[in-house]
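You will see subunit A twice below: alongside subunit B first, and alongside subunit C after that.
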Partner chain A sequence: MKDKLEIPDYNTLFQTEPYVKQREGKKAFEAPCSEQETAEALAYSKSSEYKDKNFARTSLVVNPHKACQPLGALMAALGFEKTLPFIHGSQGCTAYFRSHLSRHFKEPTPAVSSSMTEDGAVFGGMNNLIDGLENSVALYKPEMIAVSTTCMAEVIGDDLQAFISNARQKGAISNEIPVPYANTPSFSGSHITGYDSMLKSILSTLFIRSGIEATPGSGEGTGEKLNVIIGFEPYTGNFAEIRKILAAFDTGYTFLGDHSGNFDSPATGEYSYYYGGTKLADVPKAANALGTLSLQKYSVKKTLEYISGTWKQQTVAMSTPLGIHATDRLIESISELTGLPIPPELVEERGRVVDALLDSHPYLHGKRVALVGDPDLLIGLIEFCLEVGIEPIHIVCSNGENGFKEEAKALLAASPYGAETTVHIGNDLWHMRSLLIDDPVDLAIGSSHLKFAAKDADVPLIRVGFPVFDRHHLHRYPIIGYQGALNLLTTIVNTILQGLDEDSSGFNHDLVR
Partner chain B sequence: MGLNIEDNQKMLEEILEVYPEKARKDRQKHFEINNEELINCGKCAIKSNMKSRPGVMTQRGCAYAGSKGVVWGPIKDMVHISHGPVGCGQYSWGTRRNYANGTLGIDNFTAMQVTSDFQETDIVFGGDKKLEVICREIKEMFPLAKGISIQSECPVGLIGDDIEAVSKKMSIELGLPIIPVRCEGFRGVSQSLGHHIANDAIRDFLMGKKELAECGPYDINIIGDYNIGGDAWASRILLEEMGLRVIAQWSGDGTINELAIAHKAKLNLIHCHRSMNYMVTTMEKAYGIPWLEYNFFGPTKTAESLRAIAARFDEYIQENCEKVIAKYTPQMEAIISKFKPRLEGKKVMLLVGGLRARHTLGAYEDLGMEVVGTGYEFAHKDDYEKTFPELPEGTIIYDDPTAYELEELAQRLDIDLMGSGVKEKYVYHKMGIPFRQMHSWDYSGPYHGYDGFKIFAKDMDMTINSPVWSLINSGKTGSLPKKEAGV
Partner chain C sequence: MESIRNDVFDAQACGSLTPKSKPCPRPKPGEAAGGCSFDGAQITLLPIMDAAHLVHGPAACAGNSWESRGALSSGPSLSQYGFTTDLNDNDIIFGGEKKLKDSIDYIAGRFMPPAIFVYATCVTALIGEDLDAVCKEAAGRLGLPVIPVNSPGFVGSKNLGNRLAGEALLQYVIGTGEPEIEIPLGVNLIGEYNIAGEMWDIEKLMKSVGITLMSRITGDARYKEITWAHHAKVNMVVCSRALLGLAKEMEARYHIPYFEGSFYGAKETTYSLRQMAYLLNDREMERRVDRLTEREENRLIQELRPYRKLLKGKKAVLYTGGVKSWSIISALKELGVQVVGVGTNKSTEDDVRRIADRVGDDTEYIPEGGASRIIKTVRDRKADIMIAGGRNMYVAMKEQIPFIDINQERHKAYAGYEGLLRLAKELTYSLANPIWKLAASAAPWDKEEPSYDR
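What follows is the complex of A and B.
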């Protein structure tokens, strides 16, 4: 045998004796709490007294489950062809949005900032915006620039409309390039609000520039039949799934916002700043479609109002269609909106997935879960859980509003599996920690940020939603549609089976399950 | 392309042609090609620590990122409030891998996001009252927290909140050090001002506040190591093996007590000079503590640094130093003899922070690799003056380069490895250029010290020589790439 070169990594290196000794030695200078104090504080943090205090806090926020508006605006911008997201304000924000999205998708996130500093705070950011537009056109050659704001620009009250029009007058940007803009202060709403504002701004800007009048149903091409909005969507796989379903219907459609290309581009040896996205010319045409189907509703409220108001279109909005019933409604909605029959292959696919659910139901039934996520995702997860006999126990939605809470409660009240559920809006993951410890569950479902509370409560975490930083490629697999239901089922049931194996002591290390 | 000065000059001009005139004139000042004069005199004309051009995709962050993200965030027994709207705290939550021992949420608060989550009403009416309540609630929720820092985000400065007054009041009420840090993101041109502001807050609120039970002749501090993936631990072990006593670690795995007793040390060792030079010069003035910049990347620089450190002490330490170097030398030789043949002659480009773009050069050179371009996101003049002498003539040095410039350079120089951050990483994957994320060691590490170099060498080999790169399409449509011989 060849001599093996031992290279211990951080997981093993710091468990070795010299490092353990070092760790102990360092305490002499740390003035640490005693082991007893730490143990007592840990026990206290797991008490019901602590839980009550935790829920009584009014101002402190610990580990919230939401990002801020401009991050969503950036995602909306990347849903359109050759569109450069431009964030007006101080530059650190843009660095953070780009890192955050890149960590989730493992993909580049192009976006520029107007890099405002102290003088911007005093004199306003007009010059930065004008110079910035000129520079970004020269460097990144976009066909559209979508401008959103950070807190800074919002607090000092920069007037984007005036600034952009001044930039055009000064020749910094040609009239050919649309510049939709959205006010996206981080001190209201969350990433989903920002997504909505920017999507609406892009649609209305491109529509107004076209000069056409919206006449629903007047479109002639197949692409003008149906519009599909997918929303703040952390799964590129969900785009592929809805495409597959629409292809089965053999209907034309237009995605209003398709960032799947930008967040799932091929490695070819060349990098282009822009991949895929809704064609800018398709947006005005979309105003003539029969109707718009949206796969999220809480995250595209204003956009849907715009489409039904200004475009006078029929809109059908549902929360993320997870599970069989929600997918059934999705399929039926497409059939109704397009007047096309339900394709038999989808019915067959449904049957196969139901078969899989039957195979696995003994392991799912009565499992108690905790759920964390954005409002639309949570509605989908709740419905999925209820239809397979999983009992949601704790639900935390940091960016949920009353409407969401009422819908969630009604959904839960209609099922015996929802009898024990409590829904918390505006709460954070430190609240969830108390919930998980106070009233234990079998599984937690949520983003990577839930891993800390899940570990403290010793409960396995199934990563669903945004952001997922610490697992690879999950976003490539759909969670919507019948295929998505199968993917969710597979992940959940195998996590449970893995737990059974880990807990087995020999005689019950079963071969067949 | 390689290290030819004229060729590189021409290439740079071509790359910058695309800019509008105003931006081009500015960007030209941020490039230098290394030459004999620069190497010898160490003076440089390269412009640094200037505003980024708007609209150009800079890699830079902001003052908040420098203060909360780099300096204060890793101090483990304090609660750091991201004071303002939710975003800044959310994006900097646990992403820098500042390892710290302790129980999260009990006596260690590093990988947490504690925020005042400003709403519109806070902007209109001010956030001071809310901040008072938050401090009380922190005391309630985290009884073992030894202090609180208030890291202000953009709106806090713009609306004129008086976080200093709140800190003073609540500090008395709660009996805890509460430290206001004015690190609003619009201040300054990059993270760099945030480091400075953070350092000033340490100086004003914690420095010299505690006593060390027993002082010794070999007491030292590690300054400017943030314990990414355990870097400071891999460094500390060598210093302790040498017989030195590390009394404070700033700030990776650091505690408030270490910040307060550090003035008792006999020598300050500074790793990231950019982010904490303010501290060592302040301590030199206030307490007469000498300081020394050291570099623990790669065995050559590590040994050089260990000897330079030992030279500041007596023979006992110097002898121990030689023993330490002798102990690890065979391990390092084994690593180099394994990995150097696989990495010899590979061309590297770097763009990292304000330290590693020059500190890591030695580690690459130990493996036979050649750095053909390097630069910083947020360095100052002194960083560049230290960089030029480290590199051969013809090397391209750049300051705050844009994504576009780096991509052009990487392709034209035909490099074998790019080392930069997560925002850049996947761009280079598309281009088929091997890439290491050199801010948090691409989720690996530690890279400091002898133990760190083993991992560094393995990671560089893994990155450059992965067979996966050869699978990339040629870019042509309608045909599949051919398998190259020998791959």
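What follows is the complex of A and C.
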């Protein structure tokens, strides 16, 4: 356009004089306290005394860092072919989940609600569930519907099993369509608990319906295969990376839950509700696989119990494999489970990434970081930090349990770089703010939600985990495997180098770093 | 809680003038659904920037919503904090009122807000927490307004929540304060949330003709200014579906006349400013408004010329909430863009009438949501662009349809004269981006023509 106009955006516009004046003008009649008082209060909120009071807080949660169970259940459902996630409860929850996941993945999120209202609260949600199943089959033509509950349905005690069987009796939904369900109230657990419950429910429902028996290591065309669980995985790139590793082994495998298709579909000009996912027919066959490898453990506890208990399979579970050591263990596990040798191209890749770590290590050594995230991600991040000489100082895990805390502490105790670390479970991001201010660090690593605390503490934030709303496409780059280690390294070291350039006063504005 | 619900349903009937009209549409089970009443109440009240907003319920009601809206603040940021009582199993069984009380006390002691809004959620409503009593007791003890917002998710749609928030303002806030300094009588803006700073553009226009903005309800508001909203001489209702009932009740209680208006498009902006001056009954102000609007409209004619050339004859499908369904039509018409399909899901009957006044007979009305329904209209009507909110954005991308975000998460301000320019720029950029050609053309080795020729 030749006649392009200069239209300032809000960043520049609101710094112009009329707007600045306008804001100043407001203060005359609005402010409950003076600028001095505000400044004093802010300073106090950054004191050690305040930190102690903040940690003494019991009733109130400020800036929580966890999503709720049905959000995880929704993600588990989208890991299976032509499966419609159905959330039983009032409708707002579903709208939140769809927004949440869409903002992270930048993709549409198909999910429906039984839209319960006050009638449901009084008389129970059976009619809503039955009508909802009937309507959603008509509208979205799914091959499976995965029902999870919200707080509302849980508090009034809706009986999903009975309701679903009533729906079948009334002909609202045909017997052909499996309807796994999970009880997923938000007032216990978090998104990872919900992911686990739904995944287990889907596996067991499809297995029971098939009528076959589990015989590990046998069965037509399946005895040579490996089951792979990736868990509550916010990175579509991680699916691609584990695929690459398995392809290098040349082993057959079945993902138990693969939502990468739904959250990384091509723009073809025509939107479909369903993309990819584990084939429903593959689930019962998975009961005959060689074994199950899980890339998360805290977020698939019940599922792993089910697989080793009912399918009588060998299971190997590790936390998100970040860094060289964790990836080594991943590779060894695949080799052990399948009996296949370690592919030379992975060995070569390992060498290249180790080389990259050597190149960058002078900038990483002794850097102090704060970490926020889900338990499995944090275990991975701790290990990565320790192996490159980064010192984790503060770790906050809102949805961590004691088992996680003990594992994290043991991991940290085994390294001199973990000597100063404190691990906080059940705390929130307002606690993290106090930690960041009271005992400053060089970097914060965590989700976008950490940006407010990071800004208050004036520390750069490296976005890793879920959710990442304010940066584009990070989830498309793997963080697991050797390639993932390289990606994490690149992000961290370049953030540090960027900081050096920003802080340089001229004499140290170096060309080569 | 019961009394509020009855008031809302009987007297307001979705903002329509005729009480017989349809009640708020009930959400249908088994469809992709919009937000709930809790969400709606929060949206309305969160822009009161210096207040604390405490969600009494499980962590995720706050966890899923804190700091995810584009309502900007010119100073205080307490409203952006996600405060929640984070109820767990035990609290559900034994009750969470003690926790709520402790949380209120903690916020009052550590954050010293001018007021605390306490939101009920599905869980706390179902287990029968007495929010009103806890808030009343705390308010008395702390000497601080602690306002219960009884809008749990299950009572209905987002829209009902907007109105229940309005009820809370009427019941607990408006009329409880007096300005400390003399404020010339002025206008309240109701249902304008300062998305992307739009309210600031409007405030600047009002100021330049000498109209005082009395209380902002609630875009970039401070708690205190809403307490004295009853002193205004005129109420302007910007989003009628949300808060028309508030304006009606203020007319009944305080004899403040109201009008419904919009700031999307030059003509609507001019009309709104004129209406304010007229109702303020100030001839000199009316003359100033005339001079300003004439000058601004003439400037726009010049500045929009290059954009109009590109936008003329383009067709749009508009799927948005409430007032924007008709007001954006006016703005688009001024840019030469024809609206061939429009969502009416969240519109009042008056809104629908206004839509009808502004579009041609062959415009398709889309009564309810679902991505496929909107896409179908885009295809059938051979529309060039889709204008909707965040949850539909990525579907549009899949379908390779140019898109602009018009709802609460957007980062562009489209209100007022400057806003129309920004809208023109965004439309042009979205339509003219080379990526559409790339996306629509097949890979060189693939001879098949694209299925849809735009």
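Odds and ends about this structure:
Just so it is clear, the second predicted complex is superposed on the first by the 502 of 513 C-alpha atoms of A that agree within 3 Å, B and C clash if a C-alpha of one lies under 4 Å from a C-alpha of the other, contacts with A are read in each partner's own complex, and residues count from 1 in each chain.
We take it that contacts are C-beta pairs under 8 Å (C-beta built on N, C-alpha and C of every residue); 3 or more make two chains touch, one makes a residue touch a chain.
Since we're looking at a predicted model, the values are computed, not measured.
By the document's definition of touching, both partners, subunit B and subunit C, reach A:Glu134. When the shared chain is aligned, subunit B and subunit C each come close enough to touch A:Val155. Look at A:Leu74: by the touch rule set out above, it reaches neither subunit B nor subunit C. When the shared chain is aligned, subunit B and subunit C each come close enough to touch A:Ser114.
In the superposition on chain A, contact of A:Leu386 is made with neither subunit B nor subunit C. When both complexes are overlaid on chain A, the residue A:Leu293 reaches neither subunit B nor subunit C. In the superposition on chain A, A:Leu203 makes contact with neither subunit B nor subunit C.
Applying the stated contact rule after C-alpha superposition, one finds that A:Ile324 touches neither subunit B nor subunit C.
Residues 5, 7, 9-10, 13-14, 18-19, 22-23, 26, 29-33, 41, 53-54, 57-64, 66-68, 71, 86, 89-93, 95-100, 102-103, 106-118, 120-121, 128-129, 131-136, 139, 150-152, 155-156, 185-188, 265, 267-271, 430, 449, 452, 469 of subunit A lie at the contact with subunit B in one complex and at the contact with subunit C in the other. Within the complex formed with subunit C, the subunit A residues making contact are 1-5, 7, 9-10, 13-14, 18-19, 22-23, 26-33, 41, 53-54, 57-68, 71, 86, 89-100, 102-103, 106-118, 120-121, 128-129, 131-136, 139, 150-152, 155-156, 185-188, 265, 267-271, 398, 430, 449, 452, 469.
Put simply, subunit B touches subunit A in their complex at residues 18-20, 22-23, 51-65, 77, 84-88, 90-93, 95, 99, 101-107, 111-120, 122-123, 130, 133-134, 137-138, 140-141, 143-144, 146, 153-155, 157-159, 185-189, 191, 210, 212, 229-230, 233-234, 236-237, 240, 246-249, 253, 255-258, 261, 334-335, 338, 402-404, 407, 421-432, 444-446, 451, 454-455, 458, 472-475. By the touch criterion stated above, subunit C contacts subunit A in their complex at residues 26-39, 50, 54, 57-68, 72, 74-75, 80-89, 91-92, 98-100, 102-103, 106-107, 110, 112, 114, 121-123, 125-127, 152-158, 179-181, 183, 196-197, 200, 203-204, 207, 222, 224-225, 303, 305-307, 310, 370-372, 375, 390-395, 397-400, 411-413, 418, 421-422, 425, 428, 432, 439-440, 450-452. Chain contact summary for the complex, subunit A toward subunit B: residues 5, 7-10, 13-14, 18-19, 22-23, 25-26, 29-33, 37-38, 41-42, 44-45, 53-54, 57-64, 66-68, 70-71, 86, 89-93, 95-100, 102-103, 106-118, 120-121, 128-129, 131-136, 138-140, 150-152, 155-156, 185-188, 190, 265-271, 430, 433, 449, 452, 456, 469.
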